[in-house]
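Multiple structures follow.
You will see chain A twice below: alongside chain B first, and alongside chain C after that.
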Partner chain A sequence: MVDAISTRLLDSVPDPTDFPPQENAPGLRKLDSTFRCTICGEVFDAPVTTRCGHCFCSGCLRPALALKQECPTCRKSTNEMHIRPNYVMEEAIMCWGESRTYILELIKREKEAAEAVSKAKASQRSHKRKRSGSTSSVEMLDCAPGPSSPRTPRRRQHSPRKHKAVDLTTVPSSDVDEDELSSINLNPKPNQIVPCPLCSKTVAYKDLNTHIDRGCKDFSKEKASETWSKILSKPPNKQKGKQRCYRKHSDSDDEQPLPLASYATLKDRQLREMLGDHGLPTQGDRSLLEQRHQRWVVFYNTNLDRSLPNRKSKSALRQELKKWEETHFKVKKPVVQDAKEHVKTHKSEFSKLVSIARGSQPQITSTIPSSVSPQPMSPG
Partner chain B sequence: MTSISTRRLAKELKEIQSQGCPVGIELLKADDFATWWFSIQVMGESLYQDEKYTLQFRFDSQYPISSPAVQFVVTDGKEAPIHPHVYSNGHICASILGNEWSPVLSVIAVCVTLQSMLASCKKKERPTDNDRYVRHAPDNPKKTRFHYDDDE
Partner chain C sequence: MDARLRRVNKEIADCKNDKTSSIKIEMIDESPFHLKGSFVGPEDTPYAGGKFEVDIVIPESYPFQPVKMKFLTKVYHPNVSSQSGAICLDILKDAWSPVLTLKSTLISLQSLLCSPEPNDPQDAEVAKHYMTSRGSFEQTARYWAQIYAGAPGGDGKAVKQVDDEVAIAGLEKAHVDQFESLGFPRGKVIDVLRRLNYRGANVAQITDDRIVEELLK
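Our next item is the complex of A and B:
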């Protein structure tokens, strides 16, 4: 029954069940759900904390508080003024975004390797029965993870359970990819340049771990210090000044959250002005204008809950608003799939229009030539 | 671009498919992200032993910020349970579906709450104003302003 729902959508929506259950991958599902907003179920976007300590996406919490001033989780009373950005969580989810794909890839590889081993074993058994010769014993040797063998990649081909039992003792817990390294060079020197087992970029051996920890993305130290100096030099402006003063600032340092408007007291003209001030379209009926402005305030304030380097530009926010409007106020334009069929079904309407057009034609041609020019004008 | 409500419902559905529903609750039909049906049964000793009811959930584009419209199905020979908070047209007077709704709640959380609402019932009876309410009830129970009095 459920299959009727496009399975593509279900597959495209990542969630904690992407990870194996607790028995096979301790903590991973829980970890993934810890990084998710309990309102939208997505990995946090601009995480904020209420004064009771619960964490949500800023863009989820703000509309919820607009309806009801209490924490969605524990129902303790709270309001927009109590919202605080959670930069550590923001940092954590950025790292998680990278390591999540990496971990899933590792899990997938391990599973494939385990399957390959069981397949190989099965085929060996049948080989053995057929040939029962010396060749099979050689194959067996090749596949057997002999502890004396200098080449160790086969070690990874155990089933996950075995992996736990055997490998924890043999492999120093640090990482699985040692196996692949060792196949290239058993003991690379710290400054030796080695290819990364994941992205095959060349890295100094001593930097390999940090390289992998960063999800194979190397950023310079300079950039990190730059971002810090940015953060440190511009502490979020908590001062509550006049609400209009943000307009005087340049685009980069206007950090005042927008106040919630009380739309009941605003005239259409004022509302349009407010939208215009932010470079937003002023078309549409009253309710659209109100919802557009309300959503803009959410997007705008949510953006301020991001740490400085992660903030989006105003034009990106406008794009977001446009997308939001498109999904929420779907203008249903009928799309003509089959033109011939369309012409057939609407034949009467078309012919009516044609006759109306024809009927008006002679009038124009008859009035214009007589009054304006003596020569008959050719229509069209 | 898929809306937040669709994505959130897709996640809930995925969880139901992979982990199953709690005991006594079953997903009957979820062909789209607008209306879902569940069967609900009270486990253990209760006034509703061996009775099975059908719950209907309707979602709007504001879900989960706004609550789903939840009611018992009373068509096709199905009936609403006789309970002091359940009207004969299937509408349910439960604060969690109205002013006590929270966006962190889920479809399954609602099912479990309603299951325990039935389980804790001490006397099978209709709400006192049942006839009056049913005569003028709107199609969508969310349009009713219920007065939540005796919360257990």
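Our next item is the complex of A and C:
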């Protein structure tokens, strides 16, 4: 029974072993494990880098550094100020998330096909030995966009928008498709949109020369006026500029990471105010308040380590916090403050329980309400 | 599913899939947070060939807090309590890191058996034994591995019960017989000699009077 439970649990957790081993699918297992945080074992969520170059989920590294200020991997000393978001990794794992299922699907299909073939062969000529399934997955890999595919097509995949422009200026390389070559018009019309051979920006053919003469820096008219109105309406704010340099990669102006609070120096009232400022519930005992705030700071700062389009809203973060609290504190029963009052209010329940206990009926357990603590039963 | 459970599941799966290492992890009851790990004693040590079982409890705040591990199999080792199986190893205490896993921790335990650290002992008596007489210590450790961890070699079954006690304590039969013949109960003699570390070079340093004094206490 234990084994059944464990296998059920194990099946539901995706991990690098979903892929065939190294000899059948070179690099795939390792690739999957490189995209995983060594603390939680999941594919990175809001990946960040320490100053020693190791990568973790922001939400894993921050609590770890709060306990001990060293890199969990190499033990070099580091602290929260050194954490930098890793946007390239973030993008890579998003792509991996999509392609992972696709690759697994391909592997599965290939395996099924191989099995069908071997079955058919076995039934056709029973004297011939069965083909082993392991060789087939290697064949399959050649068609999958894995690390084994040649280098040039991968580059193209990386920057599809810039691709044509590059081909215009350079000698058409072997990876240019036939139809792409034919689509390049050597005598474009004046109003036709063409990519600039230098900066790859698309401009009308008649404007191309002016564009290049200006060092590829000209804007369209609307854009120019937009920029000017922006400059004129918002005089540069010195303070904001200063703040921004802390987190210059992010485009957001007002979002700053929350500082860690030293709870020992905070009064209950101050702590409640801090929670209230972020729109969080303020009820609960001291340790719950502290843990709630601590967790909120982790959620909040983790969110800032995501690239702007991937950030969650504040209300989504609050929902996440609520969920976290529910899973972590549901086991704790409410503490009875006033024992006498408690006995009074639950008298009928207690007397019922007592009568059941005296009768020693077998269905006792089903009738006991879960919220009633057993201590007040003894005097009755 | 919370992060801790997911991680533990992955770790158990990882051990199941790894056929090259001798590390095994299994569940004791239905909770995935109370496990039993086991590994084979390292080669070229007194523990070679034995199967050592470890009780594993995964705390609430894992992986930010270290796992709790202790030996279920009795081990004669300076850094393992010969009574309770408690382990003295830095990564199980302040040198823990959240990237360490159940497997890597069990491998560390395995290597702890290769390289005892008597200057930071868990079991002071065993550490003293190790420091005074390596040969005698290894003999006792091997004997323990044979009777408790099922290590090969040693015709343990042929040896009489009384000699077992002497060998388990890592003492010389002649020494125990000598003091027993003075009229003291055998159990007490073994106890006192073990406590005084009456082994190897120490034998010459501890006078018979001192031992009798202890025996009379």
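As a convention for this text, the second predicted complex is superposed on the first by the 196 of 380 C-alpha atoms of A that agree within 3 Å, B and C clash if a C-alpha of one lies under 4 Å from a C-alpha of the other, contacts with A are read in each partner's own complex, and residues count from 1 in each chain.
One rule holds in what follows: a contact is a pair of C-beta atoms (placed from the backbone, for glycine too) under 8 Å apart; a residue touches a chain by one contact, two chains touch by 3 or more.
Keep in mind the model is a prediction, meaning the values are calculated, not measured.
Asks: Following the superposition defined at the top, how do chain B and chain C come out on chain A, clash or fit?
Replies: In the superposition, chain B runs into chain C.
Asks: Applying the touch criterion given at the start, work out whether A:A64 contacts chain B, chain C, both or neither, answering first, second, both or neither.
Replies: both
Asks: Kindly classify A:S200 by the partners it touches after superposition: chain B alone (first), chain C alone (second), both, or neither?
Replies: neither
Asks: Could you say whether A:S348 touches chain B, chain C, both of them, or neither, answering first, second, both or neither?
Replies: In the superposition, A:S348 touches no partner, neither chain B nor chain C.
Asks: By the touch definition above, which chain A residues appear in both interfaces, chain B in one complex and chain C in the other?
Replies: 1-2, 5, 9-10, 13, 15, 17, 38-42, 60, 63-64, 67, 72-73, 75, 327
Asks: Would you tell me which residues of chain A are touching chain B in their complex?
Replies: Listed in rising order, the residues of chain A that touch chain B are 1-2, 4-5, 9-10, 13, 15, 17, 38-42, 60, 63-64, 67-68, 72-73, 75, 323, 326-328.
Asks: Would you mind writing out the residues of chain A in touch with chain C in their complex?
Replies: 1-2, 5-6, 9-10, 12-13, 15, 17, 38-42, 60, 63-64, 67, 70, 72-73, 75, 327
Asks: Give every residue of chain C touching chain A within the complex, in rising order.
Replies: Contacts found on chain C: 1-3, 5-7, 9-14, 16-17, 27, 29-30, 32, 63-64, 97-99.
Asks: Using the touch definition up top, name the residues of chain B that touch chain A in the complex.
Replies: Against chain A, chain B makes touches at 1-4, 6-8, 10-15, 17-19, 27-33, 61, 64-66, 99, 102-104.
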